[in-house]
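Worksheet: one structure, shown below.
When the chains are written out, they are named A, B, C and D in that same order, and each has its own residue count from 1.
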Amino acid sequence: MNLKELYQEIILDHGKNPRNLGKFDNYNKDAKGHNPLCGDDVHVYLRLNENKKVDDITFEGKGCAISMASASIMTEMVRGKEEIEVKEIITDFLKMIKEKDELNNNILKEDEKTKLMSLSGVKQYPMRVKCATLSWHTLSSALENSQEVVKTEK
Amino acid sequence: MNLKELYQEIILDHGKNPRNLGKFDNYNKDAKGHNPLCGDDVHVYLRLNENKKVDDITFEGKGCAISMASASIMTEMVRGKEEIEVKEIITDFLKMIKEKDELNNNILKEDEKTKLMSLSGVKQYPMRVKCATLSWHTLSSALENSQEVVKTEK
Amino acid sequence: MNIENIKKEFPIFDDKVQNNDLVYLDSANSAQKPKMVVDRIYDFYTKEFSNVGRSVHYLAVAATNLYENTRTTVQKYINAKDKNEIVFTKGATEAINLVANTYGQKYLNEGDEVLITELEHHSNYVPWHFLRKAKNIKIKFAEINNEGEITLESIKEKITSKTKIISITHLSNVTGAILPIKEIVNLAHSKNIPVLVDGCQSAPHLKIDMQDLDCDFYAISGHKMYGPTGIGVLYAKKKWLEDLPPYQGGGGMIGEVKKEGISYGDLPNKYEAGTMATAQVIAFNESIKFIQKVGIENIEKHEKELMNYGLETLRKNNSVNIIGNPKERGGVISFTIEGIHPHDIATILDEDGVAIRAGHHCCQILHDKLKLTSTARASFGIYNTKDDIDKLNKSLENCKKIFNLK
Amino acid sequence: MNIENIKKEFPIFDDKVQNNDLVYLDSANSAQKPKMVVDRIYDFYTKEFSNVGRSVHYLAVAATNLYENTRTTVQKYINAKDKNEIVFTKGATEAINLVANTYGQKYLNEGDEVLITELEHHSNYVPWHFLRKAKNIKIKFAEINNEGEITLESIKEKITSKTKIISITHLSNVTGAILPIKEIVNLAHSKNIPVLVDGCQSAPHLKIDMQDLDCDFYAISGHKMYGPTGIGVLYAKKKWLEDLPPYQGGGGMIGEVKKEGISYGDLPNKYEAGTMATAQVIAFNESIKFIQKVGIENIEKHEKELMNYGLETLRKNNSVNIIGNPKERGGVISFTIEGIHPHDIATILDEDGVAIRAGHHCCQILHDKLKLTSTARASFGIYNTKDDIDKLNKSLENCKKIFNLK
């Protein structure tokens, strides 16, 4: 998929109309992320219930279509999953974005994987990889209860 | 004159057997010079009499053949000259070393000029120019009664 | 002046980049290199290489002469009084760090103020921030007006009896505003305040004259002047270079070295510690010769035309919001498009071979002031043509289409 | 290994220098460049040039990848744990200044001691001297023995409870002595003292392994490793890079920038302020590849042979007095001839095309100790042959003839 197709499809949809945007009341985990390159910010809120399942997840933030879309798709993917599954999805997503084109993951359904894989096109644009991964790193940090602001890695 | 000829002739003579080496008692002007590049030192002593004539001049120092020869020849050239003449000789010498091959000067005799011009060969070796000029700058500073150690200019 | 011929001197434009002709509109970031500069590097390394200043053999002497030759070329080009007022650094950032560090060490004390502007590049803010932390000084920001300019007035307002140095850009890398340096220097000197000018964006595009500007320090970046990376220039008035302590310590900058103490070398060696960027300095001579060959007046004129055409073109494109409207302006146009993030613009333009920059351009203070996190920026060099601007505009239309804007 | 073939990769030897074949024995000063390094610079500037890290367009992304690629190559080559432990500087001198400045700021206080050796290059003394002046610390010198070596003992003797850092050369650029770094680091760490190693002379000639040496900091100079000028490497353990303050401030090294304060970027960006020496870093990758192609073990072996042949040859020449006689020795031979000043030697040798260096080699402390103002030095690189040494010796005979020595 070339980048224009990427923009035209899922990213534009989610980028312009992000799902799960905002903050909800009874979250019990959250973390902030910042991309110094483009100044984008993201704040992820979630609620893990007693069974370590993600009851709800939302995000606040502003940024480019790629980062908005990535955050938006992320919230869709992990809602309802168990913490351990979420961590696996994060790992697999980051691996896909940085190393391979394929998403190897047994938790997500085929159509979910397809949706996520639409983001793999940014691999050609290492500068933009940070945009795609910021919210995921931030989610990871929220699960760790980290107080530090996540900065996208080099 | 190529450099080997230069070395073989006057420089070797003066370099190995410098004239006017040492310090004399009743000097009334002196200055020190230092070449940071090669660590060479020179100390020039002279006596200006009431008529502003150089009664006597000697130097102490250690250094390469070029710097020793240059100091040695210098003392020969300026002994007995008036201060104003010495300054002119210094200027003309420096001009010769840095800019031209000719020594334009009305004070020195032809054979003296020839001797001095033997040093002009170092112009091809800008690093060595400092060796040839150190004692002359130091003499100049002695005449100015400067307390500062002369360092060879860049 | 025939731009097509000048452009031919830049080999980068010979080949396609990703199947497109390269439309390079990122010269404020770094300029492309003419062949004569690259050839000089090649020849130096393959035929003449030696370290400078330390050995007495033929190659070393030749290299030293070439190296010093660039110093003289720079001196004449910027009309400095003395060649020893030219110090080579690795870049403009280092040049500013050098001044902040050495001037700060000697002259700044708790409560003193450094005056910069809201337009400054991080490279002309962070070095002063270090002093703020180390010495508890204050940093004051002269404020931009609605056009994105810094006026003499805005500087005057912020000067107090505590102001110990003014450090300002000559030409903003975001709004393109050209500051009234001469007037600011005049005012500052009347109050005995020295002035450092960040000349990164001006030196490649405007005629600059140290004796006319009369500033105390001027920082230049070689890679923005069609020169190699890894080379910059600090111009400083001799009295400062004599007065201030050295910056880095090492080989070449010393006088005498003893176990108990060290004396420093003469100017400019005192500020050139260690093996310098010999090849880069030597090739930088060609960059200036290139500029001189084209003529800085011609460069100014050409880039002004381009900028005016660019402003005109983009203003017609009513989605485009141009940042700043300074009366005196260099060839930099920053802009936003409502509804498309600048990074998305840059990525999509890139697919058409149009290289621009998106981000805060190392000017977060300015972006905060403008309530933006980032902008897109097109900037011009001598090789750009009106055609490049048409292609930029066409590609922006493309962006809008993708994002369903009309 | 065929040296003649390797030598052919260095274009400098293709042409005569002043009608002589070049006998280049000044590699400890700066090494000549193989074609693949020079070509890489050429290609980068003519086909791929862009600034790194700041723009999102194709050329910028490609340049950034190439730049980071060198970091990985260096990391692997010196066996560092993490690629972010590799910081690019303009040279080894800057690398040492960086550590002295930042470590000094944070950890050195009045009365503290920095331990260096009598073998140190000015670049590993002057930066500490700055701290002596600014903070009133003490600098101690571990003393050489009669062979011109620094032993573990001589270090141990000078360590006190006030010793806060040890900063030592790996390989002396005058006596050629190789220091027992691993043992020194071991000893130092047992007393909680970090160790900086000046690797300028070792990195081009010996296998170096950060995890084996376990030192805290290691400084490398690119131009001595067959690389471009204007590029160096600071290796530092991650914990230090995280712990110490930044060195220079500017674009690229920041996190968030506000009027009130600034946060710094992640490693290694925190230490890479301003536009870096992009082309030089990218070409430096080829230098390491070149060394890897030849094989550092082969380089070591070849240079050892040369050095032994050189020592043997010069020892037979009974006017020549060789400085130092270390058991572990790199390819550096410094010497004097009674009755001929080293500068005269170098000048006369140069007429025969033999390039050596004369002077104090930026080691005045050592020369003071040896009661010399200067020495002549021949130093070897991969391209040197026994023939070069024969030519050196022949030219020395010539010198003696001119000076009427027998």
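Throughout what follows, a residue touches a chain if its C-beta (ideal position, glycine included) is under 8 Å from a C-beta of that chain, and two chains touch if they have at least 3 such contacts.
These figures come from a predicted structure and were not determined experimentally.
Student: Any idea how many Å lie between the Cα centroids of subunit A and subunit B?
Tutor: Averaging C-alpha atoms per chain gives centres 78 Å apart.
Student: Please work out the Cα centroid separation of subunit A and subunit C, and write it as a whole number of Å.
Tutor: 38
Student: Distance between subunit B and subunit C based on Cα centroids, please, to the nearest Å.
Tutor: Going by mean C-alpha positions, subunit B sits 46 Å from subunit C.
Student: Enumerate the residues of subunit D that touch no fewer than two other chains.
Tutor: 55-56, 60, 254, 256, 343, 347, 358-359, 364
Student: Do you know which subunit B residues sit against two or more other chains?
Tutor: Those would be 125, 127-128.
Student: Looking only at which chains touch which, which shape fits best: line, ring, star, complete or other?
Tutor: Basically it's none of the tidy shapes, so other.
Student: So which chains end up touching which?
Tutor: A-C, A-D, B-C, B-D, C-D
Student: Mind listing the subunit B positions that touch subunit D in their complex?
Tutor: 2-4, 7-8, 12, 15-16, 37-41, 62-66, 125, 127-128, 131
Student: If we count contacts the way the header does, which residues on subunit A are in touch with subunit D in the complex?
Tutor: 34, 36, 125-128, 151, 153-154
Student: Using the touch definition from the top, list the residues of subunit C that touch subunit A in their complex.
Tutor: So the residues of subunit C in touch with subunit A come to 340-344, 347-348, 351, 358-360, 364, 367, 373-374, 402-404.
Student: Could you list, by residue number, the parts of subunit C that touch subunit D in their complex?
Tutor: 11-12, 14-15, 17-18, 22, 26, 29-30, 32-33, 35, 37-38, 41-42, 45-51, 54-60, 90-94, 96-97, 100, 105, 121-123, 125-127, 129-130, 134, 139, 141, 221, 223, 228-231, 246, 248-254, 256-259, 261-262, 273-280, 343, 346-347, 349-350, 354-359, 362, 364-365, 368
Student: Write out the stretch or stretches of subunit C touching subunit B in their complex.
Tutor: 55-56, 60-61, 64-65, 68, 84, 254-256, 265-269
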